[in-house]
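The next part holds the structures, each set out as structure tokens.
What follows is a pair of complexes built around chain A, which joins chain B in one and chain C in the other.
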Partner chain A sequence: MAVIEQPATLSAPARPSVWGKVTAVLALLGRSRVAIAGLILVGFWVVMASFADDCIIRPACWMGDSEAVSTPWLARYSPFEQFRGRNLEGPSADHWLGTDRNGRDLWARIVHGSRIILVLAPISVLIALAIGGTLGLIAGYFGGQIDEVLMRVLDALMAFPQILLYLIIIAALGPSAVNVVLAITIAGAPGIARLVRSLTLDIKTRDYVAAAQTRGESPWYIMFVEILPNARGPIIIDAMLRVGYAVFAIGTLGFLGLGLPPPSPDWGSIVNAGRKFIQAGHPWDALWASLSIASLVVGLNLLADGLSEELGRYR
Partner chain B sequence: MITFLLRRAFYLILTLFVVSIAIFAMSEIAPGNIAINSLGNTITPAQESSFNAQNGLDQPAVTRYIRWMIGSDWRAAGLIGHPVRQIYEPDLNRWSWWGALPDGTLFQNYTDDGENMIRVERLADGSTRDVPLGPEVWKTDAEGYPVFWGVDREGRAAMWVRGDDNEAWTLGKSTWRSSKGAPRAYIPLQKGLLRGDPGVSFFTRRPVAETLVPRLMNTLLLAGIAFVVVMPLALALGMLAGLNEGRILDRILSISSLVATATPEFASGVFLILIFSTWLKWLPGAVVVSSDTAIFERPQMLVLPIVTLTLIELGYVLRITRASMVEVMRTNYIRTATLKGLPQWRIVTKHALRNALMAPITVIILHVNWLIGGIVVVETLFGYPGLGRYVMEAALFKDVFAIEAATMVLVVIAVGTQLFADLIYTYLNPRIRYT
Partner chain C sequence: MTTSPGKMNEPVVRVQNLAIAYETHSGDVNAVRDVSFEIHRGETLGLVGESGCGKSTVAYGLVNYLGRNGKIVHGEIIFQGESLVGRSPEELRKLRGDQIAMVYQDPMTSLNPVLRVGQQMTEVLTVHRGISVDEARTRCVEMLRRVYMPDPEAVMGRYPHQISGGQQQRVVIAMALLNNPALLVMDEPTTALDVTVEAAVLDLVADLRRDFDTAILFISHNLGVVARVSSRVGVMYAGEMVEQAPVREIFAHPRHPYTQGLMRCVPRLGADKAGSVLYPIRGRVPAPDRLPPGCVFEPRCDYATEHCRQERPALRQISNRHMVSCLRAEHIRASEWQPTEDIIPLMPAADAAEPETILNVDGLRTYYKQSSGSPLDLIGLGKKRYVRAVDGVSFTIPQGKTLGVVGESGCGKSTLIKTLIGLEPMTGGAAQFLGFDLEKKASKRDMGLIRELQMVFQNPDATMNPSYSVGTQIERPLRRFKVVPPNQIHAEVVRLLRAVKLDEHYYDRRPRQLSGGEKQRVGIARAFAGRPDLVLCDEPVSALDVSVQAAVLNLLLEIQREQGTTMIFIAHDLSVVRFFSDYVAVMYLGQIVEIGPAEAIYAPPYHPYTESLLAAVPIPDPSVAQQHIRLEGSVPSPLNPPSGCRFHTRCPRRQLLPDGGAICEREVPPMQDAGDGHQIHCHIPLETLHDLEPVVQIAA
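Our next item is the complex of A and B:
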């Protein structure tokens, strides 16, 4: 991570402000054309997801119970509104991307789909970070038998091809947003635990950890206050890549029919429903949803790639 | 070296053991009702408990795990007092379990009234004959009940209790049938995964192994071809990019490989179908398999699935190869070779190649986990009858035994290739110590 030098004043401790950090990261991104391209792609979908309808200014709507009364902004229509007699149409002035088999506007569905994926993916990565990070800290810091047992179990989970984990979990629990998040968390946590463990093993030997131990700090204090903040760089890069994987995974699950149940405008589900109409001369559902997910995942990867490259150069 | 191998093999078995427990726990113990998933949510509690008893789902998890792994026929044989055997009935086109008398006669049992046990003996021509058994067959069990262990007409080991009018529900062709004089307890007969019998699918009522093996073969064919295509292509392009580091060719290859790898398989598959099948009409957009040899008669069906798999794998291997090549080209011995005045092609082929290929080759093999993910999606998208689509459909229909078996097979493949990658790596790199 970039370290910002600020002049130390008498009143405030010499720490970089949040805003300073943000501008520093943006400045870093600005140097890489790859990262800018990624930022544009991801930014496009973030804007679409945020301003699809007026949800963002009405907190009641965040709970998801007043879907029907929200006023569409960028989405132009509700993703559930069915236009009578306008099924399976191609792009037109009324319906920019066409309509699906139930006469629903594809643009509205795609835009609302971005909201689903952009909420679920970071949430699942954050939960995986919390669980995997804690396990990794425990295994790395305590070592010994705990480490051995934890790592055996996590190795076994990592031996799984991830898709199989998703399939088993969703098959056992049924498809829903919560279970999709759960599946991605369980699949992602072991990898994070491994990374955090190796970082912990390294940082554990530093002097400031020894100092904290001499002071008589509790192991939990040392793990979360001394070790974790000093391991953040690689963890953040890894987490960014993982958001990309999570988007990928949510799309794949939707495509396999194991994602969010209909009628939710999940991109993977739209491709799955739309691919039946490709041969019938209506490729639009599958095409737009595929393009959307491809652009978002590619954007996230370009962003992470450009950022890690720039960081590598910075060091 | 031997210790190293033994150690690796031990960890492999340990990992597989933990994996099998995880698979079992997630698919059978997890909340979610197998009876309702298999039979629909209109069943009555009586029907549900009948179903659970008949399929051994009411037994403790440890018993069920043991049955899944090493079978239950040996346990049942001990209770019945005769060995049990699985035979194939060609006229009914199914596998069924029978008890075997000392003279080799196969039998099953039933009773209509809970009093008179009847032994159905199977004759050589496949027909059956009922032999009534006397009251002496009832044995008193540990709790003082007169019980009889036999094989019921559905091919399960079962315990009848004398004078019992227990009612059982079975799902016939389409209606529920209730029958009196049913057994009190069942042990579903199974040879177990380790002996090649992962159970009977709740969904198709066919042995899982029967469907799984041909599906596995199809998948190995698809993955094998994809592998043969990807390997040389990715290595060659990766080295090309690595040798031209920072130039325009490198930028193009790097960025396009990133895009190809990041695009989900179903999205790139849809693009390919739209371009080559719908628009240009060059290739079929789906794999239609009407017979066992259909794949070989129309190999063009395989082109799009293979290209889709290639795209996603290509980028990853290419990037690894490129990074490895770049690293090797910066080493001192390459600089020495350059300073010696050796021609560039000679430096590359003679000095750089072997070292640069070490990382990618192991990475390719370790990448099998991702390949499996790709295979599930590609097989589903193109309708290819492989193991990936099988496991996907099993998950969709909650076909527990099918998921368990197919996942285990895929995990064994994944873990086995990881061991293989380790061995190759130690072989290629003599600096690795065998610890």
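Our next item is the complex of A and C:
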């Protein structure tokens, strides 16, 4: 096929600023409707989580000072405040989404729950990325025996059903935020390692890697400076999907009672607590929390899809 | 060569003022504008031009196979008296199968890998003609025989991957001819093939035109290839046909400045060494959406005037059957052209004193282990087999000289330099460079050695890391080798950029903003940043357009001259290395079969393999007489090389020896010294080799 060459940009751009890069990514996303839909869903939860209360402007709150009383903003109420005599109510003007069996406002709990999930899910994926990415780079770049041993160990880990891995790890270490992150990291790293390894196998045959080798560069320099940046496209898209899975996993753990201990407003726990009242004519707890999980996961997936579509088009 | 199609009344295909556009994000882009030509029965029209000039678009436009975003904007295509523009896809599909056949560049992608050759071929007849399977089979075997396929019956039962590249292309051509098409479109059919295989396929194309009386549209970027098969030649530039004439006429008297420029930047084997100096065309092909307002070639033309800047010339007849689109065609004489100073290559000055030997390679071997595929391998007990990529290579290079290494693909030339630079582990033998031993891999070598030994790579798109700017990538070796103090690094990068004829603005550019030639220049700047003593070049220009090739080659020479660098230069054909190599080594199946001073290689006595390589090079000059020597088959597997002389299975000169060369199968040929360091590894006595006729002779 005759290929029309994209005209080279002749006006030499200065070093691209950070802001320039951000607008470039947004412009890329803007071309895909799927990505815009994803961005709206994810953006909604990010805004809710950020401005649920005035925590964002009071560092004391960040330091984990539980005594500090925060003023609710978008959440309208504290997630722990119990309104006496108003338990198990449906949606109303006072309580937009209704209240739970303890008379706590569901909207406040859902919004605060998003804060937990939006911190834990990306952190666990980032750690998995660091570990899995490094292992994948090592296996792919060195090859041979190192590759065999590493990949067989990771294969063994992947052979376990993920949910079983979560159960084992949480059961052994006890439910807490740190352990949830740990469980998701361990379960996610092998998959990332596989992806990074296959990308490395491809990229390491390029001439610029050979050029670096003929300069006598160290393997670490070649792996992290020459190879990794060129694998970033697929890695970013994969990571975005994985954040979605992590949201799902955290929800599942909460539902099984292995997530964050009560009274924290964990979405999975809310579904689990509300489950008992569905047949009693109060489906609201389970419904809203499930919808929240679903919307965030769908949003992340749409974002990843749109991004990969746009990136693929110009490859 | 030329037939006289003028006598035939109706052309098979007539294209008038064809314009084709592609829809893109930023609106329609006109890839082809105002192209007209006709092809008669038994005639081959060769279309030449650099990449992006619209040659393939014209071919796809003929059958309206332009893809979703392509469309014919304007013009008329008359095929056997009927217009093709505006036909329904279904009609065109039938026509393509029945009357028009296409042959593409890569034969492997044209054949279905999961079907046997016979099945694919018979399908053409049973589907389009409704012929019974048995009869179709007979006809296919017949057709394979006509394209000189050895043992056609057996080939019918094989899968595409079981036959060689040249044979695959023969199958594709045979398939194209099965329906006896009126028009055959061949889009770079030999570009993916080795020179020796290419020569055989081109012979076939030339024969077919005679035997089948088909009209052929032959597209190629290679002037030599076009010269060999065409009866008429059309030159395309930036989507326009700039010149069209019979083949002898256009090569003898090119009228358009672009055609003249193209001919000056391709090497001609026919001429003597001085005649193979290359002069690049400055600038590059404009993108189709930023064409100059006047003549499309005006910005790169040496003869341009104000008039050319304003008026777009049309293709006009200047003599019988010679058409050109240049306003000043009558005033331009190719013979009076003088190269402007900036494009004359500065040849390294010849040193009177005998320079020291810088690299000494002795019996170098590089083997790759390959498992035999038996289940025993799983537990490490399988029989190990070795691919003998480089098998006992010895040579020396004096300081500041250039060694050209030539051979077909798979002869081990790339492995040789990868071993020297330490990308592949050495299996045996020795190599000394500046007192260092080249035994270790690059990662374990001394920094002093690494700095003195650098490499220029083949593929311009892979030579630079797409994630970093040009400046960053040239800086890295400067920092690493501590060439200059840290505060002068920026200045040194700018100096290097200037040295490769790129200006300061390129510092912050990204690789994707550069053209192939520019990327290759940056690769050269990076290799020379540490001021190495020896630079290994792995076909640095083979992926570039011809007009850029010459510029990059001349640049390499200039830097070599300034820094006194020694070079090893790999090329796949003998014409490229001629004018700047001091020594040439010809490799076959991991061994050097002939090595010597460059002038000695191109005249008898030569090794029979060198002789066949010379005979295969397509020469862009139909007046040059070239001997007809064709190699049979392909390079044998280096897993199990032939005994005795490795070339004996394909050697066309074996019968010169008593017993039809029985000795070649038994004994390794001796090294014969033809004087002045010229060594030939062959059983045939030097005197006999000396009396062979020269392969290339310029007609008086």
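The criterion applied here is as follows: the second predicted complex is superposed on the first by the 297 of 315 C-alpha atoms of A that agree within 3 Å, B and C clash if a C-alpha of one lies under 4 Å from a C-alpha of the other, contacts with A are read in each partner's own complex, and residues count from 1 in each chain.
In the analysis below, a contact is a pair of C-beta atoms (placed from the backbone, for glycine too) under 8 Å apart; a residue touches a chain by one contact, two chains touch by 3 or more.
Computed from a predicted structure; not experimentally measured.
Peer 1: For A:268, select first, second, both or neither according to whether it touches chain B, chain C, the two together, or no partner.
Peer 2: In the superposition, A:268 touches chain B alone.
Peer 1: In the overlay, answer first, second, both or neither for which of chain B and chain C A:174 touches.
Peer 2: Once the two structures are laid over each other on A, A:174 reaches chain B alone.
Peer 1: On the A-aligned overlay, A:215 touches which partner chain: chain B = first, chain C = second, or both, or neither?
Peer 2: It touches chain C, and chain B stays clear.
Peer 1: Between chain C and chain B, which one touches more residues of chain A when both complexes sit on the common chain A?
Peer 2: On the superposition, B touches more of the residues of chain A.
Peer 1: Should A:144 be classified as contacting the first partner (chain B), the second (chain C), both, or neither?
Peer 2: neither
Peer 1: I'd like to know which partner A:85 touches here: chain B for first, chain C for second, both or neither.
Peer 2: After superposition on chain A, A:85 lies in contact with neither partner.
Peer 1: Share the list of chain A residues that count as touching for chain B in one structure and for chain C in the other.
Peer 2: Residues common to the chain A contacts of chain C and of chain B do not exist here, since the sets are disjoint.
Peer 1: Touching chain C in the complex: which residues of chain A?
Peer 2: Interface residues on the chain A side: 1-5, 7-9, 12-15, 206-208, 210-211, 213-219, 226, 229-230, 232.
Peer 1: Using the touch rule from the top, collect the residues of chain A that touch chain B in their complex.
Peer 2: By the definition above, chain A touches chain B via 34, 152-153, 155-157, 159-164, 167-174, 244, 248, 251-252, 255-258, 268, 271-272, 275, 278-279, 283, 286-287, 290-291, 293-294, 297-298, 300-302, 305.
Peer 1: Which chain C residues qualify as touching chain A in the complex?
Peer 2: Within the complex, chain C contacts chain A at residues 22, 24, 29, 31, 52, 54-57, 60, 67, 287-290, 421-423, 442-443, 445, 447, 450, 453-455, 457-459, 462-469, 476-477, 480-481, 505-506, 508-509, 513-515, 523, 526-527.
Peer 1: Any idea which chain B residues touch chain A in the complex?
Peer 2: The touching residues are 14-15, 18-19, 22-23, 26-27, 30-32, 255, 258-259, 261-268, 270-271, 273-274, 278, 285, 368-370, 372-373, 376-377, 380-381, 391-392, 394-396, 398, 400, 403, 407, 410-411, 414-415, 418.
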